[in-house]
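Two complexes, one shared chain (subunit A), two partners (subunit B, subunit C).
What follows is the complex of A and B.
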């Protein structure tokens, strides 16, 4: 089974389940890297690395929750940029 | 010299107001999403200025309105009973701050009801318009009213006993001190400071901020008791 057929359960099933899209994850990692003032090149490179590792992690899984996906992406991101990882991990817990 | 004591107490009340964090949380969220969306520096500055102007204006209007209501109710002399009630309010708020100001989960999430927090977050992330940022600045002050009403009540009671020119000075002192950390964070974000570092610092020190806010309310209650309640009872022969 490839990562493209992994389904993401969003908000504990309150929103429709959708197939994993690496480009959405990539865009969100780029955005969070930019928001901590990382240069655009570094943000793109970091996002690509994170997407690759997360895609490998998803490879064996038919279904994961969006929280799991975010948690895993944050763990991988922490290796590249700790401030970005903190913002990414806690983005629902700011207010 | 008579004005120094009330103005110093107003400054203390303003600093306690400053230790509440909803406006700063909303501002960091606004900054991180605007920068992350590759918006221009000009748009970022416009949103931050709009938000800051909303917060400053709402603080000024709230203090002015409460002062007006208090003046209509008491005239220019505050009865000791009102001071004693305010002391009780401050002590109650200090316990409430210690118990539930920050949620017991990672990050910097506050006591704010989740529905309101979700609304604030979704609008803050989506806003591209200065007018909406201005409205969010206003909302962030209103949403924190439960906690800031204590320091604002003390300020209003002190202001009505001052001369008109000193009332304006007191209003300015309160607004400036209550928004100092907020304006500091706004200046940092405007100048391209790493928002992740700000958030990590806030998350790491939230327990300290919570403790300081609660202690500040107790100190303010003590000041009010010593300067107003005990003196009022002594002079007035027990107006309670």
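What follows is the complex of A and C.
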């Protein structure tokens, strides 16, 4: 099963389930990297690396929750940018 | 009054291996509506790719080895050989005859709903399998474990075998480097060396079988070297692996010196890691990469979810997983919860001679600062070793200061059978004198147990 067919259950099913979009994840990682003052080039490169690893992780998963996706992305992001990962994990509370 | 939630099933068991199958069967017999989820082949690791095929091949290899050495009994066996595809056929036949592997129909006949796919928790009472949502009042997580792949430079790129894939080879490799020196590594080392492979074992610890008795590890290292030409590289860290033609070049560090060897294949046998990537966070289940945390009753931090088997990260023995599965089924069905008793659970390595142990080891006793007495009876002390023409092995028994047996290790051709006598002794707190006074049949390997026990009489 390819990652394109992985579906994301949002807000414990309270919002409609939607297919995983790598671009959406990419944009969120870029945004969080820029929020911690990372240069745009680094933000883009980090987002690409994170997206690749998350896509591999999703490869054999037909369905995951949005929380799973956030957790996994944060774990991968931690390898590249710890401050960004912290913000990504806790941005609900930070905001 | 709050309405009781309606679930699709009373119990969903995730994993059809030893940790899950028993519970699914027991709960169904109790009239519960049960679903069983399996990501691979029904039956799990042990019957499909683990214990059963490996031991079927080990048995064939052992007979071949015995026949080759039969000249000492006056038998002519100089021309004996083997046909590897037929050995593979024997292995497949053994798996088929056991009937536990790939047994989906067995569960369906019992009324268990079966699903193939990876389960993923969406919430504490709901999972998804191939985008199908299933809910249950109770869950049992028995997802088993996967092979732990060490971080060695070039390992992924150059390719490697696992204890599963090595059993599927079309012919034994000419040379093999094994990363890891535990029980499974030794079984496979002996299997391949018997079939003519030059085997190297790279182990980080100072001896093979670092988790079991000192003498057992040292004896096996000596036997593998003398009888099979296996080269044990203890205190060795594998640094890198490079593809070189059809083979691989291994660089390892030993005693601060870097060396290289060239082999045909590399086998990774560095243990297993629990399969915990199934959305456990969504069900509020506490876990670490080393396994799911459970209480004495095998309940996870979400009390309606139980866990059993290799996913707990405690033991990799199939009989322990079965015990946990039965206990988990009892605890989720009955009000009087019970605790699994591991004190007399035997541990077995199916080499030749086999290595079996039960209860505490000498190291355990040292760590706990227990006053103990230890007695060892070499197999050469009993008559059976003479008639069988095999005397490498021993029975070691550990007793506390009152003479009560608390641990034992056996290295013997029949260690797997002999250990149960000592397991029973440990479970029912028998003393060494009670064991020694029990008649043991003359010319049985069991006589060594009596001899060791009699040495402990105060």
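Some observations on this one:
Note that the second predicted complex is superposed on the first by the 94 of 95 C-alpha atoms of A that agree within 3 Å, B and C clash if a C-alpha of one lies under 4 Å from a C-alpha of the other, contacts with A are read in each partner's own complex, and residues count from 1 in each chain.
FYI, a residue touches a chain if its C-beta (ideal position, glycine included) is under 8 Å from a C-beta of that chain, and two chains touch if they have at least 3 such contacts.
The structure displayed is predicted, hence computed values, not measured ones.
When both complexes are superposed on subunit A, subunit B and subunit C sit side by side without a clash.
In the superposed model, A:12 makes contact with subunit C only, not with subunit B.
Once the two complexes are laid over each other on the shared chain, residue contacts for A:90 go to subunit B alone; subunit C is not touched. Counting the residues of subunit A that each partner touches, subunit B and subunit C differ, and the larger count belongs to B. Look at A:62: by the touch rule set out above, it reaches subunit C but stays clear of subunit B. Residue contacts after overlaying the shared chain place A:37 against subunit B, while subunit C stays out of touching range. Here the smallest spacing between CA atoms of subunit B and those of subunit C, following superposition, is 13 Å.
Touched by subunit B in one complex and by subunit C in the other is not one residue of subunit A. Those residues of subunit A lying in contact with subunit C across their complex are 7, 9, 12-13, 60-65, 67-68, 71. By the touch criterion stated above, subunit A contacts subunit B in their complex at residues 31-32, 34-37, 81-84, 86-87, 89-90, 92-95.
Only residues 22, 25-26, 28-29, 31-33, 35-38, 103, 105-110, 112, 117, 120-121, 124, 192-197, 199-200, 203 of subunit B touch subunit A when the two sit together in their complex. Interface residues of subunit C facing subunit A in the complex, by the touch rule stated above, are 117-118, 120, 122-123, 128, 130-131, 279, 281-282.
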